[in-house]
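We just call them A, B, C, D, E and F in the order they show up, numbering each chain from 1.
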């Protein structure tokens, strides 16, 4: 199995609901350094998993929709606990949507799975992996 | 599949038995930067894998039992080669014990697996993964 | 010249005022991974720059005052552009106040300078250094 | 499952064929920071996955065959797109050959799989994993 | 003294002249992860050292002139040993030219110095610092 | 001013004397990831600060004298608190001795200063810088 990983980041504000979260119930924020990994069983005719330049641009465009925003006020996130693991799923699902829409080229339809890891600090991260 | 990873460290002395280990047969030491990863198929009612604050505290408490110690003299490790990979298993197994004892909360019983990676330097690491 | 550096982090929300900041004028957030460096010309009687454990605790306590907060609403920060470089100065100045208050022990009065670096992402950081 | 990872690097020149690669069709180069991971279900009599010193030496010797070279002129690579993912496979396959030749010792025959990751920059990497 | 650092990278081919360089006399290549640091004694009216977005764009544009190229064939580099330290100076000098040309805005004229570090691998880097 | 930095590591056991050190008074150990930085005002005839290959070999040889050892039993360290900052000085002083003995070549006599940083974990490091 092959994999290609590209990295970018987003900086957001949000708050959490529920006693579990203690002081993180207050409005605060995070930089998420995002690693998106694309897996594929075999390389394409160009000897690659996918066009890494295009993958970087797609990830950047997708994160730009959340970058510099307060997630508590974003459509689709009101009342939702936007935990690091939940946001990893959001990014992965949106990447899958873009693959299916053809944004990564025809070859990308042969992708096996996508994994997204969000690093929220030097001591904590979360990830979500799903098949395509 | 979702995952959450927390990082901490411990600094220990030890020595190895067997020609394979060359100069590492002498009493020496290591800083292990420890990544503990908790995997789970679905998020809980709070939209998380587990309480990351509690996970950090449990990992810290567990490593404190070994931190600043000479493993050659610790109960259970006499005569044992405490290699990086063997210590990864020790940490993972103790985390599983703590999960089963309820230390991570009720939801943590739905954890799928735990993986522990010990980084012994900038050029070497070892890990152990097991189901729950 | 000797130096000791300890690392911790804080996660805050804030917004910026002024066209220069473009989309960062919106309420957003950041994880700041904070490195505090303490410099001293000579080591003390214990052969150290300062008690690294105490330095870590002081840095942690000081960052806890800002961690998980919206800086736009914090006393002293209303209407202030809490840029990464400005926050580096805030942390450094507060560390100096703590040194002068004796929190780092008597020997710490011989510290030469303090430098604070805040890493806001994998591609950007800012720092502030001042003498004691 | 246990794993041990060792890191080394190589610095090569190459060019790519095909419009997909845009400016990377020009002769350029890369530093690949290489992580080789060896997985095994159980530890050996020494309580290890394999002799980590020997693994480091083998990886170093293997990368030395490509280090400081122009891959466009290397036997076996003419006309081949030596993408990061393709090179990860080359390194993994050569490691497997060395394992089979006995270079890692007898115990290494019980290795389950080998994964190789090549980091081409701070924002991109590729990997290949295969069973033994 | 304040500082802001932004990171980007370039991937080049080159060769060295002189016995000192051993196998690096062959045509090979490198990824340089580039940190550009801008120092200034006081913050500007926006409470910043300089517009970090503009700094990132300028660094990116400047590195694009060298990215994906064979330096042995680039005007100005023929016959020159483009060592990591020499390239750090090239990048720093070009940044200074851009500051003087007004590319970083008026406030940037108060910059005290610029330092550029090029990381050529996980175990080696070089830097150059100069006043403005 | 130019600088070149090379990285290596050592793994040692030791204990500390004095109440300041709390549990670190027990025999324990550390991995020190060591960065040695060589500064020089101008480049030499080869356009470099010094032969980076030779610098790496010298650092490696020097650390080998301490690697895999219990510093409490090493000549010159009995009764000494081998703190991270004190060890940074030991490494820097030994590098200076080697420069003066000609181990880095003739040009190295024009080195301006040497700085050594020892990273003891992901959250703590210490350094020492001295002129030549």
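The rule is short, and it goes like this: contacts are C-beta pairs under 8 Å (C-beta built on N, C-alpha and C of every residue); 3 or more make two chains touch, one makes a residue touch a chain.
This one's a predicted model, so the numbers in the text were calculated from it and none came from an experiment.
Novice: Let me check something: if the centre of a chain is the mean of its CA atoms, which chain is farthest from chain F?
Specialist: A
Novice: Let me check something: if the centre of a chain is the mean of its CA atoms, which chain is farthest from chain C?
Specialist: So the chain farthest away from chain C turns out to be D.
Novice: Go ahead and note the Å separation of the Cα centroids belonging to chain B and chain D.
Specialist: 27
Novice: What is the distance in Å between the mean C-alpha positions of chain C and chain D?
Specialist: Chain C and chain D have C-alpha centres separated by 40 Å.
Novice: Averaging only over C-alpha atoms, locate the centres of chain B and chain C and give their separation in whole Å.
Specialist: 30
Novice: Identify all positions of chain B at which a residue touches two or more other chains, and write them in rising order.
Specialist: In chain B, the residues touching two or more other chains are 7, 122-123.
Novice: Spell out the residues on chain E that touch chain D in their complex, using ranges where they run on.
Specialist: 7, 9, 11-14, 23-24, 26-33, 67-70, 120-123
Novice: In their complex, what parts of chain D are in touch with chain A?
Specialist: Contact set of chain D toward chain A: 16, 18, 20-22, 80-86, 88-89, 122-130.
Novice: Could you list, by residue number, the parts of chain E that touch chain C in their complex?
Specialist: 1-8, 43, 46-49, 51-53, 56
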